[in-house]
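Pasting the structures in now, so scroll down.
Shared chain: subunit A. Partners: subunit B in the first complex, subunit C in the second.
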Partner chain A sequence: MGLVIFYVKKLFKIFRNEVLVLPSRVVVGLFFIVLLGLPLVTQDPYFIRIIILTSIFAIFAASWDLLSGFTGQMNFGHALFFGVGAYGSAMLNIHFNIPPWATIPMGAIVAVLAGLIVGIPCLRLKHTYLALTTLAFPIILLGIIIALPDISGGELGMTGLKRITESLLGNYYLHVGVFLVLAVIMWEITDSNTGIIFHAIREDELAVKASGINTVFYKLLAFCLSGFFAGIAGGLYAHYMRIAGPSTLGVDQSFTVVIYAIFGGAATIYGPIAAVFILFPLLEVFRLWPEYRMMLFAAVVLVILLYMPEGLIHWIRDKIEKECPRCKIRNIATRKTCRICTANLD
Partner chain B sequence: MAEPLLVVESVNKSFGGLKAVNDVSFRMEQKEVLGLIGPNGAGKTTLLRLLTGILKPDSGSVKFKGKELVGRNIWNIVNLGVACTFQNMRPFRRLPIIANVMVSCLSPRSHGKGEWVKKVENKAMDALEFAGISDMALEKASVLSQGDLKRLEVARAIASDPELLLLDEPFGGLSPAETDLMAKSIRRLHKGGRFGRLHSEGPAMIIVEHKLQQLMKIVDRIIVLNFGTLLAEGTPDEVVNNPQVIEAYLGKGGD
Partner chain C sequence: MKKCTLGWRMLLVACIVMAFSLPAWAAKTIKIGVIGPMQSLEGRDHWAGATMAADEINAAGGVKVGNEKMQIVLIKADSNEDKNITDASNAMERLMTKDKVDFVVGGFRTEAVFPMQDIAMDYKKIFIGCGAATDALCDRVGTDYKRYKYYFRGTPFKSSYLAKTSIMHLLACAAVIKKELNAPIKVALVAEKLAWTEGMVKLIQGYVPKLGMELVGTWQPSANATDVTAELSAIQKSGANIIFTVFSGMVGITFARQAGEFKIPALQVGINVESQKDGFWEATKGMGNYVFTMNTYVQGVEQNELTKPFMDGYKKRFKGTPTYTADTYASIKYNLVPAIEAVGSLDSDKLVAFMEAREYLVPSGKVKYEKNKDGVYTHDLTWGPGYLTSVGCQWQDGKLVGVWPNNWMPDPKNYPNLKITYKGMVPIKLPPWMKKQ
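After this line comes the complex of A and B, so read on.
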């Protein structure tokens, strides 16, 4: 009994010293709690559905960030991976009758292959050329899909997919759970040594090579990882909506994900996620004025980018937290001295 | 032991009509420190770039410890033990200084050699310590001064544990005091030994430099490039007294 109390106290102490000290960590903690506890407050199907779709697109946006935000390989055709994940799992489900819990990861594997197929020709390309080339890939695939209606459902898409579960709560926790787990995994990847190499490739690829790092490997790794996560998002989307259609490969799909990432702040993982959780529900609210919906959306994005070029989340974080000039530890903005090294913060 | 460390045989490199490196051959022994001098635009940087694979020679061969380097990738060459610094420094500006060096520490060569080092951070820190900028490890690289960027370049290069280190103007843009410090670091590195978790066997070096006075104190031998061709080769004394070299530096009829 004493031992239990000891560990509870220890946990509490860690919680107080590591989480409560920083507003951003508190926000992340609250985000997890609110997401997981939401059905206790409301089980309105419409609301639940919005959160599920938001979670799916948050995975998608974070996966773009993992590739383009970090390694700087600007991908303007990210919908390719989403669409390949969606169509891949849909075909496996419809034509081979494989259950959704298996088709979604398999679809993601196909998206990894797509990552390799896109990644290899893109290895030699930079800037505008890279952007244009990546933009072309989903359009090419779309052409193939329209041309093969027997296999792919053509312009109408593939309908009649099975959901993993039909229960409202089951769906909610499945999608939110997968999103939270994948978000943590993506964040861990970028926080690791691999993440440092990704960052460095964006800064100066030649200098990374001259440091003895095989940049071809790491760039392809980024394409494959990104493809995998986007593929999962696509598969989840197809099975949840019960349709894999041409819109999953659309140009607007590719561009919105870029907007999400820039809006929230690229090369952070949490920035694009936060952006989706703000903008996607906001787009639903704007349905109240259907004819102005897209204009309002564009206005919000423009205003944010005009005043917060680094992205919304960077801006907020700099308002509520200060970096210690000496030890670079972050502190809550109200502190006068650093919580670790006690240096003066102003 | 008789095998030379580096054998360069008639390498050529042209940019359009300009012969930047013209039929250059030389060899280096283990642990030798070689000075590479020549007027501006003589092709010194180009020659170093040919050795590290950043540029591919039009013809010729470069053998390092008996292995042909021409045709290999830059990272392969670095992992064989040839590291270089950039004349116009190329830091990862938005990354902390320590992360700049960690990238080198993550290369297979460096990572494999220091298996007993628990964390790459520690190894990177020791490289920074050696270069004398460890106190700024957590700052962004964009805040560094010219001199400190040169130090960062050196830290990055030695973190990959090279057997042959190519330094492109390590004193460029440094104040006299900074130049002395850098020269000291280079000599210390060449002597070899243990710098924290960083172990140096005392690499051979090629040093490109315009500050000849400082350079002479460090190098064993000097080669002189002019208009891409090898003009002279010898000990520092021989080279500075060579009339051809004096002419190349001062122009015809110079005093």
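After this line comes the complex of A and C, so read on.
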């Protein structure tokens, strides 16, 4: 009993000293609680559907950030991984009758292979050239899909996919649960040594090479990891929508994910996630003014990018928190001195 | 005193508001969701057809359901499906769960209609598709009747019948060329480079030699091409006297305009969606003369006695000719409402049993639902003489006129006396520069 009390006290202490000290961490904690507790407040199928799809696109947006935001390898064809995940999982489900809980990770593995296929020829490319080359890959795959209608369903896509579960709450907790777990994994990757190397590659690849780090390996690793997470999102999407169609590989799909990442703030993981959780439901709210819906959406994105070029979440975080100039630890904006090194924050 | 006056005033206002809104609470309504890409012509016509039907029915007192009269209330849902499939499925879910509609009409892009169909079936709501032609949408009804029986095709007939009709048009044009020019038929196939044309291209390539015609080549320009002179000069050199077009995009205008400017000695027939629109003549500066295309409605052509009142009503209200997606009108007025009145209920299962067995007239022909080879209803539309055939139309001197079926013999071997002609048909005209060859 004493041991339990000791650990509870320790947990509370960590919570008080590590979470409650920063507003951004409190917001993340609340976000987890709200998401997991939402069905206790409402089980409206439309609302649940929007949150499920938001969760799927949040994984997709964060996976782009992992590759392009962190390593700086600008991928304008990210729909390739999403589409490969969707089609891979759909083909396994339809042609081999494998259940969705198995086809989704298998589809993601196919997306990892796609990551390698794209990553290897792109190793020598940078900036605009890389962006344009990656843009071509989903278009090439789309051509292959249209050319093989017996296997891929052609222009109509693959229909009749099974959902993992038919239960409303089952679907909610499955998708939201997978999203939260994958978001934490992606965050942990970027916070690890690998993440630091990703960062360093973006800032100065030559310096990283000079430090004896195999940048080729890490750049390919970023492609594969990003492909894996986007592939999971694609597989979840295909089974939830019960169709894997050519639109999963569409150019607009690739650009939407870039919009999400830039809107929220690139190289953060949480930025693109927050952006999807703001923009996707907002588009539904704008159904109240159907004629102006897309115009309002574009206006919101433009205004944010105009006044907050680093992204909305960066901007908000800079308003509520301050970084210590000496130890680089973040503090709540109301503090005058750093909570760790007591340096003056103003 | 002042307080009392204010209280009385508030009470009076409340009473007036309640009195005026009483009929609205008292009357029960039938909610019909109209889903489509509302920012484009197809979606706007979904809405136009549905509003026409609802207004006519409500003005006549509403729908008699058992012993009570109900008014129709339409709920507009912009699916944005031409751009975003996820958006389209969300719009359908919203119709089902937020707006709680009783029925849905609409849908346009096949890839979007599949998930929409699944959602409607989840809620066991009748969904009448008014836009997507893919066979597979109704094949699903036949293979999994229990789940998909709430889906009906409203318009157009399935894509394999669209191809069949195009072949009929090709034969009609070939007959005129043979009669007037006594020349062997040489066909140039020009299809825009889009996925939907692939099946059509293969079919025409396979069929043309079987019909005793020569296929001189296949050209596939971009759907948005702004110059097709290279293709046209190659077609001219090939000696083709028929150009079979498969266009849905802006290339339909470019091709027709440039072919007219160069006076290519060949008749254009097939599908050219842009030429179905009223603005085609102006868009081609009159160079689109003699272009022949498939259509559902043409001013002056009457498939039956319902065509003219519909066309006139549409023209009066929306100033133009309806496209096929405006058949939401027929789906509501001639399919849903008579079924509800006959069954006396809004229960989907009872209605399906009644609707699938009916044969009824609509402005574009007569509807009868098909069964598959196992005898299970697919709720697909029957094509052929006496049912739905569509109309072949041609631009003749600034006017889009009906030219097919005109003395069409659908089965000359078995029924040599059966000839189909719709009221208002005129003969196919060849471009004068073809005759000077």
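Convention: the second predicted complex is superposed on the first by the 346 of 346 C-alpha atoms of A that agree within 3 Å, B and C clash if a C-alpha of one lies under 4 Å from a C-alpha of the other, contacts with A are read in each partner's own complex, and residues count from 1 in each chain.
Following the convention adopted for this analysis, a contact is a pair of C-beta atoms (placed from the backbone, for glycine too) under 8 Å apart; a residue touches a chain by one contact, two chains touch by 3 or more.
Keep in mind that this is a model prediction, so the values were computed, not measured.
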More subunit A residues in contact [subunit B versus subunit C]: C
Contacts of A:Ile146 with subunit B and subunit C, given as first, second, both or neither: second
Touched partner set for A:Asp44, first subunit B, second subunit C, both or neither: second
Which superposed partner A:Glu155 touches (first subunit B, second subunit C, both, neither): second
Touching partner for A:Asp252 - first (subunit B), second (subunit C), both, neither: second
First, second, both or neither for A:Lys209, with subunit B first and subunit C second: first
Partner chain(s) touched by A:Ile243 [first = subunit B, second = subunit C, both, neither]: second
Which superposed partner A:Pro290 touches (first subunit B, second subunit C, both, neither): second
Partner chain(s) touched by A:Ile262 [first = subunit B, second = subunit C, both, neither]: neither
First, second, both or neither for A:Lys328, with subunit B first and subunit C second: first
Overlap of the subunit B and subunit C footprints on subunit A, listed as residue numbers: none
Of subunit A, residues touching subunit B in the complex: 193, 196-197, 199-200, 203-204, 206-215, 327-328
Of subunit B, residues touching subunit A in the complex: 52, 54, 73-75, 78-79, 83-84, 86, 90-96, 99-100, 102-104, 106-110, 120, 138-139, 156, 159-160
For the subunit C and subunit A complex, residues of the former touching the latter: 38-39, 76, 78, 80, 83-87, 89-91, 93-94, 96-98, 110-111, 114-115, 118, 134, 136, 140, 195-196, 198
Residue ranges of subunit A in contact with subunit C within the complex: 44-46, 49-50, 53, 146, 154-157, 159-160, 241-243, 245-247, 252, 283-284, 287, 290, 293-294
